[in-house]
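Below is one structure. I have some questions about it.
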Amino acid sequence: MKVLKDLLRDGKFAFGFFVLVVLVFLAILSFFSPYDPYRWNVVPRDLPPRWPHILGTSSRGQDVFWELCFAVRNSLVMSLIAGVFSRIIAILVGMIAGYKGGKTDRLLMFLSDSFLVLPLFLIIVLIGSMAKARLSLVSLGLLLGVFGWAWDARVIRSQVLSLRERDFTYTALLSGSKTLSLVFKEYMPFLTPLIFATFIGNVSWAIGMEITLAILGVFRVEIPSLGTMLQWALNYQALLLGYWWWIGTPVVTSIMLFIALYLLSISISEYLDPRMRIQRIGKSTR
Amino acid sequence: MRELLEVKGLTKIYSLGSIFSRIKITAVEDVNFEVMQPEIFTLAGESGCGKTTTAKIILGFEEQTSGMVFYRGKPINELRKKDKIQMLREIQAVFQNPFSTFNPLRTVDSYFYETLLNLKIVSSKKEAEKKIEEKLAAVGISFEEFTQRYPNEFSGGQLQRLSIARALLTDPSLIVADEPVSMVDASLRMSIVNLFKDLKEKYSVSVIYITHDLTTAYYVSDRIAIMFRGNIVEMGPAEEVLSNPKHPYTQLLRESVPEPDPEKRWGTKVVLADTEHEEYLRIGCKFAGRCPSAMEKCKKNNPPYFKVNDVLVKCFLYK
Amino acid sequence: MQTVIETQDLKSYYILDVFGKEKVVKAVDGVNIKIHQNEIYGIAGESGCGKTTLLRAIFGIIDPPLRLIGGKVLYHHDGQVYDLYALDPTERRSLRWKFVSYVPQGSMSVLNPVVKIKETFKDFLNSHLKGRTKEEYYELAKEHLKGLGLPPTILEAYPHQLSGGMRQRVTIALATLLKPKVIIADEPTTALDVVTQRGVIQLLKDIQSTYMNTIVLVTHDMGVHASLSTRIAVMYAGKIIEEAPTSKLFKNPKHPYTKFLINSLPRFGDKSRRTSAPGSPPSLAALPPGCSFHPRCPYCFEKCKVEVPPLREYEPDHKVACWLMEERIA
Amino acid sequence: QLDVPRHETFITNQLTGRVGTPGNFNLWVGWKWFDRGLHNLLLEPLWCVEYATGEIINALAAEPPIYNEDFTQLTIKLRKGVYWSDGVPFTADDVVYSIELSKNTPGFAYNSQMQEVKSVRKVDDYTVVVELNKPNSRFHTYFLDRWGGFRPLPKHVFEKVADPLTFEFNPPVGTGPYVLHSYDAGGYWTIWVRREDWQRTPTGMLYGMPQPKYVAFVTYGDPAKQVLAMVRHQLDAADLTMETLRAVLMKNTTARAWRKDYPWTVNIDPCITGITFNNMVEPFNNKEVRWALTLAIDIVEYAANAFDGAVTLSPIHIPLTKAYMDWYFNKLEPWLKEFELDLGGGQKFKPYDPTAGQRLAEYARKRGYPVPKDPNEIKYIFGPGWWKYAPDVAEKLLIKNGFKRDPRTRGWLLPNGEPWKITVYCTNTNPAHPAYRNAFAVAQEWRKFGIDVDVVVFDQPTVVQQGNFQVSSDWPAAEPWGGHPDLYRVLNPFHSQYMVPIGENAAWGNYARWMNPKMDEIVEKLKVTDWNDTENIIKLGIEGLKLLVEEMPSIPTFNYPGVIAWDEYYWTNYPGAENMYAQPYHHWPNFKYMLPFLKPTGKK
Amino acid sequence: MNFVKRYLLPRLIIYFLVIFIGITMVFVIPRFLPTDPVLQTIARIRAQGAYMDPEAMQKTIETLQELYGLKGSIWEQYIKFWNRFLRGDFGPSYFQFPTPVIVLIKQSLPWTIALLLTTTLLSWILGNVLGGFAGYFSNRKWGRVLDYIAMIIRPMPYYILALGLLILLAYIFPVFPLGGGYRIGMRLTFNLDTIVTLLKHAFLPALSLLLIGIFVWFQAMKLVVQSVKTDDFVKYAEAGGIKPATIARKYVIKNAMLPQITGLALSLGQIFSGALITEMVFSYPGLGTLLYNAIFTGDYNLLMGITTMSILVVTTSILVIDLLYPLFDPRVRYK
């Protein structure tokens, strides 16, 4: 709580946090939706925003606001799973390869290079078709996670390679730190900005991938998500027909999501780096 | 007095450079010495002569190219494999660069608590605090000043002292101190050096004291080894070596110590090497290029050790 | 003797936010010094007493959390007096390296690792001299190095290819490049072996005698002070507590802390136990009242605990801040 | 944007998208993007269907096919005075050579079909006789162009070629009224120019001079782009989606669709859309289950969800184009009205709902679209009727067959007690395609009925072809010819001789994997009925359609709702609903027969 | 020599191993897909209504399998593939039969390279320079404005951005053409008009790619700079009164470049997968659509052709970067 209070003093964090809270609120709201997101034709079609349809209705006869609630919930779940899962792999592989070096490093980098090189698109189509498009949000998240780490692991590794040469590694060793705790306690703070950045990149990639997969049919287009919402709006030419509320909603929401994540990550990284935190405080009281 | 640590034929070769230009540097070349218990053993010499590398090998942070290190008569690496924690308790170190000793993104005190808890020296935070306070007092830092602060909030000297305090936490038998007081004023330097002395006398602690400050080396150490470009060029009792240096490099070194006396100032100018590489690449005596009394054979052959009284000298002058 | 830099009641504190609570580290607390032309002004003092901070304040690099609390820094240049902190950033920048240059603490790691040394030279020249070609800059740099007796070949090297001593000397060469009136050097020889240190000091000395300029030198090595400085100031807890010509200070230190400092120096041929100042250095965030040395001072009396002693000239050129001196006069 | 005079050019989009092999015009080998002008401008077939008028056009052929008594010999009479575009006359030699080349070249188009040919000979320059190995009363349909067909190739060009498979046929030589002008090596456009001697082509002879001097086929990529191009008058004809069409009409005052008002869509497309059950898997192998699922559909809501109501409903397995309405539907309707289902327990139910079209019109009116009042007009626009929305009857049928409702969720349980989950497979990833829309529309209906439905959209037709599905939105039956009452094409695939187990390729037109001895009989009879004996052909057709209704192996829903937009800025007199002189698509082979009717507006 | 044995050789072994595994995977994966090139070809021919007798179909399938070289076990096919591949031949495309894969790739490659190579490089350079400066001068106004723009543009769905640009600059303000590589009906000869036309047509696709690309690099660079700018040598340069622009350029950006260079290598490799959405939105010729169609028509040979190239380029650029690292950072050593 104390930390949160500290962080909230930063405008960037406050804004990002606010947006995220709103999104989470929307996601929770979806549990109270008066409409089944899988049913069409439940409200009059193509209405502009007006009470009670505060974000209008779509050509499928759905209420855009409530669709958004489901979309936010599902997209958050899916992309966070993908982001977090691939981060975990990337961090583990990158850190261990960088820290251990030698054979371990070579093996892990071989693995990640192979992942880098493989035509991801092809593989996902393959897996998708084997799963007969029955991928759930969670398994899609995991799948994207499995394929989203290789590059970031390489980046993390290169950072660790230089970090491990710094003397504090030895201090930590002399303090009896075990490999894992050493790597996480000593190197992690340096990597947080990087990890956050790759996390955002990964989340945006995952959401983009989800749209692509939905288009290809590997993922079910009926599951409401920011991606499929956009996809439907585009298919029904909301842009040209002037249903701006329909196409604008997912676009603005996803941009807001990324801005929020970005601001949060910057703010948190600054907070974690005492040098920057001090500067920040120095600035704010000047 | 028992032998605590023995270094035998230690060699470390680094290779530097890119695909196009590769250079091999023998950072440590066939180094032999032993440290008694208790003893303050000083390693001194030109910057870049391999002192830190030697220390890192002893501490197990660097792998030697060849040679062995024995601790209490057993190969140190095997001991480490057997009981890491015990070895960490027994051997502690202070690093050269105080600014990089602690992670700038972590508070300094966390290392203190970790040392105590990881090495199972204390079992509670309360106990830890007591212990830390005690050690901090020994280096002249107050507990309040120290809690919850990041390394960049301390001055260089303060960091060095913190580093020493941390090493003392485990009550080690051997402290490898790599220039532990280079950024500390003379008065405090004295108190720390005195601390080493006391530790040795009261608790039989041995110290490998790596330093450029030959006056304190003279003041505290029992024996001293002078290194030059990876080789020990002279080794013996500190008093003897420093008051009566034999190797031309030791002589130069001794002569270069600035006296804290405005009346005494240096005479002749010294010649410095531009880069270290050229001297590393020498086949014969590495100092031959700058030595005032260099002979032909110095440039071609690597001189062996000669014993003069208690002192080993690696110079053909003493053949 | 002409003054080149003077400070007037300079106060510069680190203001920190430690978990919501403000904490003030009084690193420079009311410093008045006058640095003259053509001298080597040494500053000694306990580690952490604010030497580096003082130099930064004099040089004008005050970044948060360090802040200027009060006082002035005056530069005497070309018959004009500049109030450093009243200048705008571009003016300040134009004085740097031309009037005053800086060798920071730990200067072995201040060179840009990915460019050759000559590039760094070029950048420094280019930023202060106008309208010359690249080749002219390199030529200038080469000349300069030659003048200082350094091998010009190092211009083609990357920093990591040079030895520590060489890097240290490169930063000194950089600092003297534009022949500034004042060179501020913060522990330029720490981490060097004595032979290399000797080379670096010789260089500083040569520069000083060639250009007749001023060097402000911070070092813990009293030997270096003895062999280089003409005047020495001793700092303690953010304040100057004694200032005197070198020989006077070594022969006749007056402040109890200075006494400890000088007396604790070990010497060859003397292995007897040396004592240092008792107790530990005070935290600059919580200074004791009165004279900040009083808790460690063997001669402390009541007044010391209450009132801060002023820095006074008790003998010609010899200033001390100690109530004992006051007593003695009285 | 265009390097030929705009007002003399007719620009259309290219249906099949960017050409992969822009420099290769040899459309007899592999897939060659016919619709870039190859089959619609460059080449003429022997015969061509015209479904707008319900006739077969004799193009290179001079008259309909002539079979002998036992259908082992086919005589083709050729049109006189036709020349290839390089000035060589078109004769029987070309046809004979084409057939022989195809027969002897594996990998060539119609190679396998031509194996039926025992021999082919020229009687005179304008008569060809084909002897067949075994009787085939429909052999000539291989030469009947209906978005595909074997078109004669120039003998004088191909006989000089060493390997006809790798031959690029560039520049191409044809019998149609246009020749190649230029093409994009990147495959995005092809421009054709009218032949100087257009009179010497079947098109010229039949309909006169094609009006545009140039015709350009352009791939715009994204459908939204076609809208932009059309609004800026850079595109004269485009097949769009319902939504893009509305956008065009909104923004371009000179643009029109096939029908000038709602529902705009082309309803004469010879193609029926709907839902296909896999009759080889449980529980869809049960006719009553199939019927229950049919009755669970509220077709008005279905059409609204799919195309906002802009469709022509069809309760039978052929599209209700004007022609089929006359040939078949009007004759079938009385029977449909009386058709009954047995609900068990002596209960009967008449499922036909003659008001479905009216109801759909009502929906459109509610949406604010102008809809005609005349019931006859409505019948032709929205369709005559469909099956009733009768969830209660569907429920009865299911319960009769052992299905139950979960008392708690009201969802359906299979007879074995498991929840009923249906996956609808859609093999078309184009969201504007009826297969796509049908899949989601049916899912909506069945979900409402209490079944857990999942839609899988995946561009892998083989999955359906090999029977690894439950329900698919593929065509419920093969498309009929369109210009001829013969239903051989629709019914033949249901013949049991083509039936294969799951895992093997089902016959196209029967992905439902349904068979019935009665159907075999009908098909056998049809096989020995002459192409020109339309009376008997229709009789057999009606029998077949009745059987399909009774069995409902797949649910027909509506005609392929073609969406075509024209810009009347440079050209007018398009074949719209009010003036159906030709089929409306520029990508069909008949395009060349439409061009002579266009009128330039004179705008520059 | 030691370098060759201890570093180069293992590195090269890994290089070839990765290529081998990559290519093998690309060979195997499509064969597990339910897409069968023969059936896809037939389906496509019939999709619009061409009629094929069910009997005739089976025969056609067999002929095509013969022609495509798909008879025989997967092993035989695999060995055949390597045989051909080592001779630099990918065989014929199935879907565009009998056009050789190489011909198809050659058709599209120049467009893709021209568009993607320039935009990749340009966005890399601009993004890094802007990011570097904005990161260093992070409290200047323009830096913050750039930051906000980056924040909004970067997460924008690319399709929306591209379409938006198109609508804005080709429709509302018809400055640029709606699509294509050059004018419809134009014959490409080497003259000024051609060059102008080509550039004009490439402008919007390039712009859309640049916008996203620049801001991706921008944000990454800004992040790295954030830490570099507190380094000692930067502080020293500032103290030395070196011009801020010089510091940003030579001290900050140059030192922050390393991770970015690796990133560049990877994105250069990805050029060879083309830019599908760009090609679709701007109807621009290129490899993207080719690859996309290859996947969905089961055109194994074409698929192999394109992905093999991409694999080769990615692995090679990673290798080259690894070897050339010391050129960019003189401190780097091989372990």
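In order of appearance the chains are A, B, C, D and E, and numbering begins at 1 in each one.
Simple rule for what comes next: contacts are C-beta pairs under 8 Å (C-beta built on N, C-alpha and C of every residue); 3 or more make two chains touch, one makes a residue touch a chain.
Protein names from UniProt, one per chain: A, E = Binding-protein-dependent transport systems inner membrane component; B, C = Oligopeptide/dipeptide ABC transporter, ATPase subunit.
Owing to the predicted nature of the structure, the values given are computational and were not obtained by experimental measurement.
For the pair chain D and chain E, chains touching both partners: A. Here the chain-to-chain distance from chain B to chain C, counted in touching steps, is 1. Chain pairs A-B and A-E differ in how many C-beta pairs they share in contact, with the greater number at A-E. Chain centres here are Cα averages; for chain C and chain E they lie 56 Å apart. Chain B and chain E have Cα centroids lying 53 Å from one another. Inter-chain spacing, taken between the CA centroids of chain C and chain D, is 91 Å.
For chain A, residues touching at least two other chains, in rising order: 129, 239, 275.
Annotation for chain D: residues touching 2 or more other chains are 224, 459-460. For chain C, residues touching at least two other chains, in rising order: 16, 19, 106, 161.
Interface of chain B with chain A (complex): residues 56, 59, 61, 84-85, 88, 92-93, 95-97, 100-106, 110-111, 114-115, 118-119, 150, 152, 163, 166-167. Chain D contributes residues 1-4, 11, 15-16, 18, 20-22, 24, 29-31, 35, 106-107, 111-113, 115, 141-142, 146-149, 165-166, 181-182, 184-189, 191, 214, 216, 218-222, 224-225, 228-229, 231-232, 234, 270-271, 459-463, 465, 479, 489, 492-493, 498, 505, 507-508, 587 to its touches with chain E in the complex.
Residue ranges of chain D in contact with chain A, taken from their complex: 223-224, 227, 241, 243-244, 246-247, 250-251, 301, 304-305, 308, 367, 423, 426, 429, 431-432, 440, 443-444, 447-448, 454-460. Contact residues on chain C toward chain B in their complex (touch as defined above): 14, 16, 18-19, 25, 44-48, 52, 105-106, 151, 153-154, 157, 161-166, 187, 190-199, 201-202, 220-227, 246-247, 250, 257, 260-262, 264-269, 271, 273-277, 279-281, 283, 285-286.
Listing the residues of chain A that touch chain D in their complex gives 38-41, 45, 59-61, 128-129, 132-134, 215-218, 220-222, 231, 235-237, 239-242.
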